[in-house]
Amino acid sequence: MTADIATTTPGGFLLVLAVLLPVGGIILSFATGGRHAGQITLGLTPFGSAVACAIAFRVGQSGKPVFYAIGGLPPPLGIALRADGISAVMLVATAAILTAAAFYAREKFAARDVRESRSALTFWILLQAIWAALTIIFVGSDLFNLYVALELLTFAAVPLVCIDGRPETLAAALRYLLFALFGSISYLLGVALFYGAYGTLDIPLLAQRVQPTPVVWTAAALITGGLLAKTALFPLHLWLPPAHANAPAAASAVLSGLVVKGSFFLTLRLWFYVLPALPTGQVAAALGGLGSAAVIVGGVLALRQARLKLLIAYSTVSQIGYLFLIFPLAAGAHAWSTIGWSAGLMQVLAHAFAKAAMFLSAGVLAEAVGHDQIAKLVGAARVLPLTFLTIALGGLSLMGLPPSGGFSAKWLMLQASVASGQWIWSLPILTGGLLAAGYMYRILTPALSDGEISMESAPRRYQETIAFVLVMIALALGFAPQAFFDFIEIGRPLAGEDPS
Amino acid sequence: MISALDLFSIAAIGAGAFFFVAGTIGLLRFPDSLTRLHALAKADNLGLGLVALGLIPRAENGLGALKLILIWALVVASGGSTAQLIGRALRRGRK
Amino acid sequence: MSVLPFIDVGLAFLVVTVACSTIITRDLFAAVVSYVAYGLLLAFVWIRLHAPDVALTEAAVGGGVTGVLLITAGKRLAAIKKAAPEAHPTTTLKLLTGALAALLACALAAAILMLPDVPPSLAPEAAAAASGPGAGLGNPITAVLISYRSFDTMLEKVVLILAVVGVWSVGADKAWGNPPAPLGRPGPYPAMVFLAQVLVPIGALIGIHVFWVGADAPGGAFQGGALLAAMWMVAMMARLGEPPRIDARWLRLALIAGPAVFLIIGLAGISIAGSFFAYPPGFAKPIILFIETFMVLSIAVALPMLVAGPPSEGNRP
Amino acid sequence: MTPSTLAGLVGAALVGLGLYGLVLHPHPLRKLLAFNLIGSGVFLVFGIVARRGAAAGFSFDPVPQAMVITGIVVAFAASALAVALILRLYSESGRVTLDPDAWTRPGSEDAK
């Protein structure tokens, strides 16, 4: 048994609180009905953000992961929650983007008349459910508990896609549900094999017992396959564009920015926390290859889209490809793997904030102009200056131009690929940047050219500023100090620390 | 040597099995669905009754025997009414 | 040569054949009916695996409630005759997928056969922990569900609430607040009404018994709740009871009763027993039964609401 | 050939069958049936793991069986949500098809 018999470290209860706030919010909103669901969610966001920051502070201060065994029962039998560096960073990012999405959608899903309305109750409950599911995914340490969190995430995200009830959104939601269910059932099969082989599902305990046997390889392949389906990596990306493009703006910001990152985060947990002992050379190369293919295919398809939201959704497919370059670039315990690790996490954060900002501004644009056909956006930039400034700055981060977070992520990736001698990965990174420039150019040319555009309604100032604040965070990430990169290293195995 | 009770159990369960087989043969051989339904409903209920009867002496205590009888009663109730519902649907379908 | 393997081999053969018929048959409704038969057969396989609790859940939820859900959907969708014939996959695609599926099945079977001979198990820890906070529970599965892995079970109740919200959100805006469409025919057959009048009281009694005995013998909140849910659905199918309005206050409170009570007791556990979801030693059994009562209520209300579907704009304004 | 290994092979066969049906059948309800098959196959794998873990006086390992019970209820909730979506799609559009460009054919507003 590990030396870690203690059932909690100081501040451990914060992890439980981080989960209970949204869960309590769901139960309260469902009981009190749709009229108060909005106020409950908006009321909870500051507290949730405060708890996320407190966890990050606690992890930073102690320099070790924060641990909490639920029910006082240490892992093999009980379930444990563990927040290390990357969990804390993702919790803070989730809190920020969800608060922004909640305040953005405050008016659209406000409880208008005295009767409870369908879309209001659904939106607010599902938004809190996404928050709860993501929190558990980031701090969970038991593979079956993470399966239930993945299901929670699926049940929260699918109805959001078809909230306005048009047939194509229902078809998109159905495809999304089928892909997600296939993903989680494949994940569950892998979990069953792990339990059959080692009798525990706790990540650190499993990491100590794992050997490269065929059973472990099959289980790892099944879990990775399931998670790739849920992360919409290249061959399995068919469900993402229609789903993210048809959801309401606030929902697609959360879907593209955070929900897709949840299953990617579990892939990181699997290959870097459960299986560091295994020789993962070929697997890392395969994932990197799929990632590069996704970068290129996503970029090319984004170039050909007629609607702005579909273009941004395909850009998500492309940017997800970048995330999977972390596997070859951060593998092992070399000097350059720390650079690869920081690059990957920076890319996750930069893309989350930039993509959320772009979807929110696309929402403002769609409401103001009434449609989102790119060709018909002639001269829109003069009428909606702040919105298009946000889209342009978001594009800056996607392309990887300084001073954005996207630039520092891609720059670190290039550094890692050169330092590790795997220069091959620099090709997709650079081509991806070019393709991103291509589809950003396609958006901005008609908008910046002069011409008259008919406006249906005046844009709401507060929605534009929320999107602008998010994109400024994405740019500010480019100036992240070294302390930020050390923070991400906390609790990472092979970083000179046993994964207690 | 087999006690009288065991003999009784074997005989009852054997008869039950025979009625199940008869019901299945009826299902396969009879021309249309109404007659098949008839065969199934009658034979299986009786077959289950006999099997339950055969198992009662082997049940460990009174409660076990009561449970067996309750199971049989429930199956007869639900089997009978389901057969009636299917029969009505079949007849309505043919009209 | 005991007769046991024949039963197992026969059962395994039967299950795989019925599963094949579910996949192979052309007609949609026939596939759904064979799936329901498959679900009930599976309960026998669980008995052979010494898992009576799971057999109860599989029969009640996997075979029964899912069966009603799929049959009602199959009946409505089977009516699409005019739809353009779906693009039937070409034989090459079939062969390819068949080969891929066979490959996966063999790899999985090989992995299962290669599981270590001395199987690691948490049974000893579970037994040891039985002397701890989860004391006094004869049924180890209920102890695992409510005491050791209570976080999973509470989350799973929240998943049920989200599923209900998701199913309701699919309805039309103007229909919000109306009850879902009735499950049974407008003029229910007398045989159905008779069956409901006979079955529902006995079934409800059995459901409560299964829940109550669950602390020490196979059974528990899930199985009891599923049985009670089935009985309410039988009553609704015989039009003895109508699905409630979805904004009915009691319905909302019943749906959240399980997770809410679980959460409150979990939070209380911090001050009383030192950790979230910890139970004071000695009081574990009464507290667990108290939590399970509300869980039974939540499950018994949630499953029929999921089967009844979204609010319908049909009957009442 | 103990009963549990036999059940394991049945589980593996069910997963393969379900995958075959999931990929091949265009109708979403048939895909849902196939998904439920895969689910029960996976739960059977949990069942064998539980049966092999029999120790300390229990004839089974309670932890995987508790996971299966949770899994069955979650799988049912997923089927209920999928059926609700399918029926709504059918009542909204009279068609039950999954491919997204079915809606961009002539007759829908953003047909190109």
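Which chain is which? They are A, B, C and D, in the order written, and residues in each are numbered from 1.
One rule holds for everything that comes next: a contact is a pair of C-beta atoms (placed from the backbone, for glycine too) under 8 Å apart; a residue touches a chain by one contact, two chains touch by 3 or more.
Here the structure is a predicted model, which is why all the values come from computation and not from measurement.
Of the two chain pairs examined here, A-C and B-C, the one linked by more C-beta pairs in contact is A-C. In whole angstrom, the spacing between the mean C-alpha positions of subunit A and subunit B is 57. Chain centres here are Cα averages; for subunit B and subunit D they lie 33 Å apart. Centre-to-centre separation between subunit B and subunit C, using Cα means, comes to 28 Å.
Listed for subunit C are residues 108, 112, 115, 119-122, 126, 148-149, 152, 156, 159, 162-163, 166, 170-171, each touching two or more other chains. Within subunit A, residues 77, 144, 148, 151, 155, 158-159, 162, 165, 170, 189, 193, 196, 199 each touch two or more of the remaining chains. Of all residues in subunit B, none touches two or more other chains.
Listed by chain label, the pairs that touch are A-C, A-D, B-C, C-D.
Of all the residues in subunit C, the ones that touch subunit B in their complex are 189, 191-192, 194-195, 198-199, 202. Contact residues on subunit D toward subunit C in their complex (touch as defined above): 1, 3-21, 23-27, 29-30, 32-34, 36-37, 40, 43-45, 47-63, 65-70, 72-81, 83-88, 90, 94-97. By the touch criterion given at the top, residues 4-5, 8-9, 12, 15-16, 19-20, 22-23, 28, 31-32, 35, 38-39, 42, 45-46, 48-51, 53-54, 57-58, 61-62, 65-66, 69-70, 73-74, 76-77, 80, 83, 86-89, 93-94, 97-98, 100-102, 104-106, 108-109, 112-113, 115, 119-124, 126-128, 140-141, 143-145, 148-149, 152-153, 156, 159-160, 162-163, 166-167, 170-171, 222, 299, 303, 306-307, 309-310 of subunit C touch subunit D in their complex. Residues of subunit A touching subunit D in their complex: 77, 144, 148, 151, 154-155, 158-159, 162, 165-168, 170-175, 177-178, 181-182, 185, 188-189, 192-193, 195-196, 199, 242, 306-307, 373. Those residues of subunit D whose C-beta lies close enough to touch subunit A in the complex are 15, 22, 28, 31-32, 35, 38-39, 42, 45-46, 48-49, 52-53, 63-64, 67, 70-71, 74-75, 77-78, 81-82, 85-86, 88-89, 92-93, 97-100, 102-104, 108, 110, 112.
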